[in-house]
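Listed below are the structures to be examined.
Okay, so chain A shows up in both of these, paired with chain B first and chain C after.
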Partner chain A sequence: MPRQRLIASESDVSIEVNDDAINHEAEVDEKTEEEPKRKKVTKKRKNRKNQGTKKLQEEDDGDGMSSMKRTSRNVKNEKGTERKETKDEDEEQNEKKERKNRKLKNEKKKETKKVETTSEEESSEEEEEEKEEEGVDNDEGDEGILGSLSPEELEKLKEAVDEKKKLIITLRAKPWPMRKKLLTLRESQRFVEKYEGALGKGKGRKLYAYKVMMMKKWMKFQRDFENFKTACIPWEMKIKEIESHFGSSVASYFIFLRWMYGINMILFGLTFGLVMVPEALMGKPYGSLPRKTVPRVEQASAMDFAVLWDFGGYAKYSVLFYGYYNNQRAIGWLKFRMPLSYFLVGVGTVAYSYMVVIRTMARNANEQGGGDDTSFNFSWKIFTSWDYLIGNPETADNKFASITTSFKEAIVEEQESRKDDNIHLTRFLRVLANFLVMCCLAGSGYLIYFVVRRSQKFALEGLENYGWWERNEVNMVMSLLGMFCPMLFDVISTLENYHPRIALQWQLGRIFALFLGNLYTFIIALMDAINLKRAEEEVVKMNMTIWMASLYNGSLPENTTASMIAVDPADVPRGPCWETMVGQEFVRLIISDTMTTYIMLLTGDFLRAVLVRFLNHCWCWDLEYGFPSYSEFDVSGNVLGLIFNQGMIWMGAFYAPCLPALNVLRLHVSMYLQCWAVMCCNVPQERVFKASGSNNFYMAMLLVILFLSTLPAIYTIVTIPPSFDCGPFSGKNRMFDVIQETLETDFPAWFGKVFSYASNPGLVLPFILVMVLAIYYLQSTSKTYKQANIELKKKLQTQNEENKKKNKLAAQKAADDLKEAKNTASQLLSTQTNNNASDPGENSHSNIMTSSVKTLSRLNEDGRENNTQASMDATHIHAHHTLLEEHQTPTPLTHDPPLHGVIYPVTHDNQSQQRRGAHIFRDADFHVDAHPGMLTSVRQN
Partner chain B sequence: MGTTASQLPKELLSEYQELTFLTKQEILLAHKRFSELAGKEDRHHPNPRVPMSKILMLPELKSNPFRERICQVFSTSDVKDGSLSFEDFLDLLSAFSDSATLEIKSHYAFRIFDFDDDGTLDSSDLEKLVNCLTGDTDDTRLTAEEMRQLISNILEESDIDKDGTVNLSEFQHVISRSPDFVSSFKIVL
Partner chain C sequence: MVSPAIALAFLPMILTLIIRYRYYFVLFYRAVLVRWVQDCLTGISREERAFQYILTHATPGNPDSILDTFDYWCSKVEFISNIGPKKGLILDRLLKETCPLTVLELGTHCGYSAVRIARSLPVGARLYSVEMDQRNAQVAEKIIRLAGFDDDTVELIVQPSDEVIPRLREDYGVERLDFVFMDHWKRCYLPDLQLLEGSGLLGEGSIILADNVIFPGAPNFLRHARRSGLYELRVHRATLEYIRGIRDGMAELVFLGLK
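Let's turn to the complex of A and B:
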C-alpha cells in the first residue's frame, strides 16, 4: 500500500492533494514494518533514478515553460534536504548507497520508510533528492533487479503498473493544464513500458509480453475505430453549425431527424433486401400473371406521367405494392419463402421500431438520472442557462433577453404566490378557448370525412372525368388543415394567458390531437373504402366463375383436352385488391405531405425572407423588425410533422413495401433543404425550450404514434381476409395462416405438434398470468428501490451536514494555529530581510514560506490533527530558515503561476476545506507580493 | 489534411488524443484553426501563444459573455494576459467537447464563474455572473432590488453550509442535478 502511494506521488508531486495521505500515515505507524516491502522501496528507488535523470535532462532541453517547473523542483529539493538534515538523513543516504545490492534492514531504514509515507509530498521530495545525489551511478540493469524479486514483490510491481495504467486512462479527466498532463503521461508510460515487458519472468514472460503488445494494438485499434465511427456520423458538421447559430433546441430537431433517418434506413434495408429484391429477381416476371399485368383498359394510359405520379398504371403493378406479389410458396433456385418473408418483415418492422424507441427512451431516462425536484430552480437558471454553443450575436441577444425575462419571472413568482386578479374572467376565457379548439378539431374531422366520402364517389364514377383538385382533394385538405389549424390554435391560446411553458404544452397537445384526429378519420374512411371494395370483390368473384365457365364452354367443342387456354393475363377479369388501394392511399398521402412541407418552406420561409430583405429599402416601416419580419424555426411543429409522417410509414408499410424507401428519400432531402432554409432565412426563436428535457417528450409521442399506427394495421391483418387474386396471401383465409402453413410443411412433424401444444389456451393463459405477475413483481421492487434510493440520499445529506459542522470547528482551530505560526514566521522573515536584504536567495526563501504555508493549509484539510500539524509546520518553517542560511545559492525564480493551481484541483468531497485552503493561500500570496522588489531582482537573474 | 498532419508530430498527436476528449480529426482541425490564428510571423516559434484579443475573435467565442473568463481560466501564461498556447487551446476544446465528463465540465464552469479567482463564488461573483447573463444593454439589466433578491435566492438554494458563498463542491452538487448543463456547456469548432 505505501508503495503504491509512493508511485502515485511521483507523478503528481506539487498539485494533487490527497486526503488519504494522512490515513496512510496512521496505517503505516500502526503496522509493524514488513521486510519485503522495505526491500521493495529501495529497489524501486534505484530503478526510478534512471527515469528521474532522464526527465531532468529532458526538461533542461525544453523551453521556458520548464524553467518554472525546475524552480519549483529546486524549492522542493531544498525543502527536502532541509528535512533530512533535521533527521540526520545525509548519513543515512550514504549508508543506503553502500547497501544498494545487499538487502540490509536496520532501524534507520525503518525510519526513512516512515518519513516517506507520512505524506506524498515529502516522499517525492526525497525521491528527487536521491536522484540528484546518486546521479548516474546506476550500472545495474533491470534484469538483475527484477531477478531478485520475490513473487509477492512482483505482484506489487504489477499492481503499480496497473495503477499507472489506470492513471493514463483517467488522465484526460483531470483538470490540469496540458503540460502537466503530458509530463505525467510520458512519465507513467515510460514506467509502464519499462516494467511491463520485464515483469512476467520465465515461461510466462513471453506470453505476458505478447499479451501486453496485443493489448496496445487493441487499444490503438479501438481508438482508430472510435475516430472512424465519429467520422462516419452523417451531417455532423451541418448540425454543429446550426447548433452554433441557433442553440441546442433547434439542433435537437435535426438530431431527431437524423435518428429517424437511421431507423428508416434499417426498415428500408429489411423491406428492400427481403421482399422487393427477391420478388424482382426470382419471382415470376411482369406479364406472366394477371396480378402482374396492367389490365387491358388501363394499358393505354399506364405510362402517362399523371398516372404514374398517382402511383397508378405500371407503378401500381410492380414490386412497390402488395398486389404484385405472388402466393407461390417458394420462389427461385433458393426456394425463397416469399409469403412467409413478406409476413415476417411486416412484423419485424414493427417489432424493431418498438424496440428501438423503447431502448432510446430508457437510455435518455438513464442519462437524465435523478433530475429530481425543483429545489435548485434559481441556481440552475444562473449556472446552466447560457448555451455555450451560441456563436451568433443575434441569437446571443435573444438569449440575453430570454434569460432576463426568466429571471424576472422567477423573482416575481417567488415574491407573490399566485394572486389572480380576475379569476372568473381567465376561467371563462380558458373554457372559451378550449371550446373553440374543440370546434376546430370536430370541424376538421368532419371535413376530412366528407372529403374522403366524396373522393370515393369520384373514384366510383371514374377519375378521368375530374380535374387535378378532385383527384388530390383528400391529401390537399389534410395538408392544409395541418398547416392552418396550428396557427388558429396559436391565436386562440393567446386568450388563455398561460405561462409560456404551459402554453407550449397545450399547443403541442392540441396539434397532436388534430393530427391524430385527422389520421383516424382518414383511416375510418379507408375502412369504409375497404368494405366497399370487398363487396365489389364478391361480385367479381361471381362474374369470374361465370367468365371461366363461358370460356371453357366456348372452347370445349373444339378441343376437349385443352385445360390450357391461352388468355392474355391482361384480359382476365380481376378483383379490386383493397390492399393495393390502401398502400396507394398512404403513398399518395406521404407524397402530398412532403410536397406541402417543401412548398411551405419555400414560400413561407424563403420567399418571405427575400421579400422582407429586399422590400425593406423601399417600405414605410421597418420590415425586418416590424410586422412580417423573418420566420422562426418552429421546432415543435416540425417534430410533430416528422412523428406523424413516421406513423403513416408504419401504418402503410405492410401494404406498400416502397414506403420506407420513399421516406428515406424524403428525410434525406429534408435534411439538406431544412438545413439550408434554417441557415439562410430563419431567425432564432424567442421562445426557447430546453432541448434535452424535451427529448424524451418527442420519444414518448413517437411511441404513442407507433402504437396507434400499428393498431389499425394489425386489425386489418388479423380480421380482414386477403383478396382472392392478388398479394402473397391470396387464397388463404387470413394472412397469418402463412405461419401455420410453414409450420406444417417446412418443419418436422414433432415441431408442429409441440407448437400446437404450446399454443393451447391451457398453456397460454397461465403463461400470460405468470408474465403479468412478473411485471407486477418487478414494478413493485423498482418502487422499493426508488424509495431506498431516496432514503440513502437523505442519509447522505445529513451526514454531509454533520461533517461540515465538524470541519468548521476544526477549521477554526487550524486558523488560530496558523496565525500563530505565521506570526513567528514573519518575525523570522523580517530578521532575515534585515540581515541580507539584497540577496536574491531571499526570494526563494519567501517562496519557501509560501510553500510551507501551503503545506500547512494542505495538512489542515484533514480536520483531525490540526493542532499537532500546525505546530509541526511551524517547526518546519523554522527549519527552512536554518536551511536557507546554508543554501545561499541564488535560484532563478519567477512568481510561480502554478501555485494558483493549488486551489482548484482539490475537488474532493469535503466542501469547506478548499475554501479554507484558498483563504490561506491568499494570505500566502499576499506574503510573496510583499516583496516585489525582490521578485524583480530575481527575474533579472 | 496532409499539411496539418505534418506540422503536428505523430507521437504528440496520439498523446493529445490520450489526454483530451477530442478525436484525431478534431485535434487536427483545432491545430489548423490555431495556426491560422497564430499567423505567419509566429510560425518559427516552437510554442506560439495567441493573444486573448485574437482568441476572442473566434466566431465560436465571439458572442459568449464569458469569453474573457474562458481565456483567462485556460491560459497558462505567466503574465496572466489570457493568451493561449496550442495546448491551452486543446484543453479548452477538450473541456467543452461533447464527451467530456460532468466533473471536468463543472470544474471549469466553476472557475469561469469565479471572477476573482478566490475559489468560491461569493455575492460579487454572482452579481457579475448575472450581469454577464443579462447582457450589456440597460433594458435587460436587472434592478438592484431584483439582483439582491436573486442572489439571496441562489445562496439559499445552493449554499448548503450557509457561509455566504458557493464553493466548488456545492456548485458541483447543484450542477450534477441539472438536466441540461452537459448538453449546453459545449463549444465546437
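Let's turn to the complex of A and C:
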C-alpha cells in the first residue's frame, strides 16, 4: 500500500480518500481491541498509532483524512485538544522511529510528507473551510512532519529532488532503452512533483508551491500559445501531414506555394486597394465614356458566357483591364491621382517582388553556410541521410531503400571514378541527348511562333468566324508543350547516364529553357501584334478626325453655342488599345494554364488512380506495381510551373490589374486541390531526396524569371507610346510622363528643381559609381569572411584529427600496459601455484601487494591531466584488480588485512577517474564492469 | 475541328510513351502479333511449332540441349513465357541446395520448367507437374519424354490445379511436398497457396517458388505471404524472360510450419 501511494499521482486523491475511509472502518474494529493500551485517547485515530510499523503510514493518511473531516464538522472548539493529541502522537512516533531502522524511517517520512501534500490539495478543493484546514495542516505539517525531520534529512530530500531534476534533464543522453527512459522519466517527474512543494517551511513552503504551480501554468500556457500560433499559420497542418507521408521534398513545394501565395496576396492588395477599388468607386461610371462602354457592334453578345470566358465583352470594358481607366488626373472627392497611382503600383509590385526574392535568397544563403560537404561523402550519407520528418511506414521503406541504393551507387561511383570505360560512347550519347533536346526546343519554339502568327491572322479576319479551338490555339499549344516536353526530356536524359542529382539539374535546366523559350516566343509574337495594332490605331485616328468633322458638319447647322451633341459613347469609333489586348492575352494564358493543370491533375492523377485501384481486381496484370501504377508527385515540374506562372503575372500585371487577383484565386484552389490529390492519388517517390539544398536554387530561378519578365514590361512602357483613347496614360507621349506631370503640378516648384538637379547625369553617374564601389567593397569583405570561415573549419578538423591520433596512441599504450600487467599476472599465478604447493597464501599476496602498490604510486605520479591518462590509470588498477580477483577466487580462505589497507583508500581516490576511463574502455573492448563486484568481494573478505 | 498545331503539341507525349514503354511494345509484338500471324500461316499452335523446332534441332535424351534450343527459339523465333535461363539459374540453385524429394509444379505449359526441375532433382525424387490445358499437356509430355525423363520421375497431371491439390494425398499418395513451383495463372497463386496450406502437405522448410510475381504480378499472393506469418519471404529480382527492360521477380517462400 505505501509504495503504491508513493507512486500514485495526485489525481488519484479522490480514490485514495475512499480507500482511507475503508481502512478507517477496518481500523475502527482493530482499535477497540487495542483501546486499553492507550490512556490519553479521546479520539479513535490515536489508537492506530500502536499498530504495526507497516500500518503507520496508512494511519497517518487516516489521520490527515479524519482530522480534515473533523475540521469540516466542528473544528474550532476541538482544535486545542487536537493539537495536544498530535503532539503526543509525535512523541510516540519519535520514540518508535528511534526503534525502527533507518530505511523504514525514511519511507515513513516520505509518506507523511505525501499525506501533507494530498491534504493540502484537498484543502484547495474544499473552499469553505480553507483557512481552518490549512491552519490544521500547517500545525500538523510543522509539528507532525517537518518537526519530525531533522535538517539533515531535509537536506537529503532536497538533494534527492535536485538529483532527480538533473536526471530529467540529462535523461535524453543516457544510453538506455526507450522504455527504461520513459519509466525513469515518469517516476522522477512524479517524485519531484510530490516533494518539491514540501521543501519550504510554513508560509515559504506555500509560496514555493504556489510558485511552482504558477510556473507550470505558465509553461502550459506557453505551449498552448505555440499550438495556437502554428494553428494560425495557413495550411501548416496539411503540409506537415504531407511531409510525414512524402518527405521534405514534396513538402518544400507546398511551402514554396504558400510563400508564393503570401507574395501574391500583397501584390493583390496593392493593385486591388490602390487601383481597382478607387477606380470602381470614384472614377466615372460605366457608360460615361467611349473607353468605358462596350461598342455597339459587340453589345449583342457582350454578356454571352463564351465571350466573358475569353475576357471580352463586359469583362474587357471593366476595371479588370488597362483600357477602362480614364486619364483624368484626380478623381473623386479625395482627389485621388489615378494615373500616378496606377504607374506607381505597377512599379511598386515589381520592386517589392525583387526585394522579397532577394531577401529570401540572402536568408537561405546564410542558413546554408560555407564549406565543402563533399569531403566526407560516406559519413554524410551514414549520419545525415535519414529524413526524420517521415511518419509513414511506406515512405520510410522507400527512404530506406533509397538510402541503401544511394550507398550502392556511391560505392559504384567510387569504383568507377578509378576506371573509365568507353568514355567516347558516353560522350557521344550525351551529345546526342543534348542534340535531341535542342531539336525539341527548337520545334516547340517554332510551333508556338507558327500558332501565334496564325492566331494573328485569325484576329485580323475576325475571330467570330472561327471556333473555340482556333481561338484558344496559342494557349492550348503552349500548355500542352509545357506539359509533355519535360516528359520527353526525362526519357532522353536516360541516355546520358548521369548521376540522378546531376540529371535532375540538367532536367531543370532544360525545362527552364523550354518554358523561357516558349514565353519569349509568345512575347515576340505579341510584339508583332502590338505593332499591328498601332498601325491600326493610326488609321483609326485619321478616321476619327473625319468622323468628327462629318459629325459636326452634319448636325451642327447654326447654333454654335450648344455644341453638345449627344452621341452615345458606344457609337464613338475607337482605337484598338493594344494594352488591353496584351492584358487579355496574359489573362487567357493564365486561365488556360490553370485549366490544363487542373485537368491533368484530375485525369493524369485522379482518374489513373481510380482506374488502377478498381480495375486491379479484374485485370490480367498487376496494375499497381506494373505498367500504369500510381503517379509520383513531380516536384521539379510543379515548382517550375509555379515559377513561370508567377513570371507571367509579373509581366502582365501592368496591363491587366486583375491578374494578381486571379493568381491568388488559382494558388488558393491549387493549394487545396494539390494537397488533396497528393494525399489521395500519389505514391511517395522511389527516390526520396532532401529538399534543403534546392530551395535557393528555386529562388535563383525565380529571380531570373522575375528579371526576364520585367524586361519586356519595362521595354513596352519605355519605348511604345500609350494608346490615344484608352488607359490612364492616354494623351501622353510616354507612360512615365505621369511622374513629370505630378512633379510639375502637385509639388512646390523647388521640389521639381531639386528633382531635375538630382536627375542630372552629372549627379547620377557619380552616385552609381559610388554604389558600384560599395557593392564591390561588400563583396570583397564577404569573400574574406568566407575564407576565414573555411580556415577555421580546417583548423578544427586538423585539431580533431590530432586529438584522435592522441587518443589512439593512448589507447594503444594502455593496451600494451594491460598486456604487460596480464603477463606479470600470469607469472604471478604460476609462482603462486608453486607457492601453493609449498606455502599457500602469504608470499603471493605480498607479491600482488607490492605490484599494486607500485602501480598506485605510479598512478599518483602520473597525475591526472587528461582523459587518456586517467584511462591508463584505470587500466592499471583494473588490471590489478582482475588479477587480484583471479588470484583470490582460488584461495578464498586466506585473509590479508594489509592488502585491504592498501587498496581501499586508493580505489576511493580514483573511482571518478575510473568512471571517466570506463567510457574509453568500453570502446577498446576491455571488461571494466567486473570492477565494482571486485570491490565488494574485497570488502567481504 | 482540332487544328493540326494542337495535334502536333501531343507529339512529345506520344514519343515519350513510345520510348518509355518500348519493351512492352516489343513484348506485345512478339507475344501477340507474331503469334497470331504464325498461327494463321501454319495452322498449328505455338506450342506445337516449338516442339517441331526442338525435335529437329535438339539432341534427344539430353535435357541441356533441349533447354538451350528452347531458349534460342523463345528469344529469336517466337515468344513463349517460360521461366527463362536467368531466372532458371535461381531455380536450379534452390533445387540443388534443398534436394527435394517431392516436387509439385503448377503450370507445365510446354514442359520447359519441368525438364529444368527434373534435371536438377536428386535420384529417387519425383516431380508432379500439373497442367490444365489438354493440348499443351500433350506437347509437354512429348518434350519431357524427349528429354529422357520417364513416368517415375515426372508425372504429368492434366487437371486444373484447384482440383488436383486437395486430392494429391489420396490419388497420388503424396505425404509431404518439399518444393512447389508456381507458374500457372497469376490469379490462381493465392487460392492454390491457401489450398496447399489447408491440405497439410506443406511441412516445415518446404519451399514455394512463384514466378512472375512482379510482371504480370500477383499482389494478393505477395500480400498474403507477407502478412500471414507462415512464410519467410524473399523476392528475387530479375527481368522478364527473353525480354530486356521489363522488371520481374520470383518469390521464394519458406514455410515455417503451423504454430
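The rule is simple: the second predicted complex is superposed on the first by the 556 of 941 C-alpha atoms of A that agree within 3 Å, B and C clash if a C-alpha of one lies under 4 Å from a C-alpha of the other, contacts with A are read in each partner's own complex, and residues count from 1 in each chain.
Just so it is clear, a contact is a pair of C-beta atoms (placed from the backbone, for glycine too) under 8 Å apart; a residue touches a chain by one contact, two chains touch by 3 or more.
Keep in mind that this is a model prediction, so the values were computed, not measured.
Participant: Scan A:D622 for contacts with chain B and chain C and give back first, second, both or neither.
Facilitator: Second partner only.
Participant: Where does A:G391 make contact in the superposed view: on chain B (first), on chain C (second), on both, or on neither?
Facilitator: After superposition on chain A, A:G391 lies in contact with chain B alone.
Participant: With both complexes overlaid on chain A, does A:M735 touch chain B (first), chain C (second), both or neither?
Facilitator: A:M735 contacts neither chain B nor chain C.
Participant: Taking the complex as given, what residues does chain C use to touch chain A?
Facilitator: Touch residues, chain C against chain A: 1-3, 5-6, 8-13, 15-16, 19-21, 24, 186, 214-219.
Participant: Can you list the residues on chain A that touch chain B in the complex?
Facilitator: 63, 65, 68, 168, 171-175, 177-179, 181-182, 185-186, 223, 226-227, 230-231, 240, 243-244, 248, 368, 370-372, 375-380, 382-393, 395-397, 400-401, 403-404, 407-408, 410-411, 414-415, 690-693, 800-801, 804, 808, 894-895, 897, 900, 903-904, 906-912, 914-915, 917-918, 921-922
Participant: Could you list, by residue number, the parts of chain B that touch chain A in their complex?
Facilitator: It comes out as residues 15, 17-21, 23-25, 46-47, 59-66, 76-78, 80, 87-88, 90-91, 94-96, 100-101, 103-104, 107-109, 111, 113, 117-120, 126, 129-130, 133-135, 137, 140-142, 146, 149-150, 153-154, 157-158, 160-161, 163, 165, 167-172, 174-175, 177-181, 183-188.
Participant: For the complex, give me every residue of chain A touching chain C.
Facilitator: Touch list, chain A to chain C: 440, 444, 447, 450-451, 454, 467, 469-470, 473, 476-477, 480-481, 483-485, 487-488, 490-492, 616, 620-622, 624-627.
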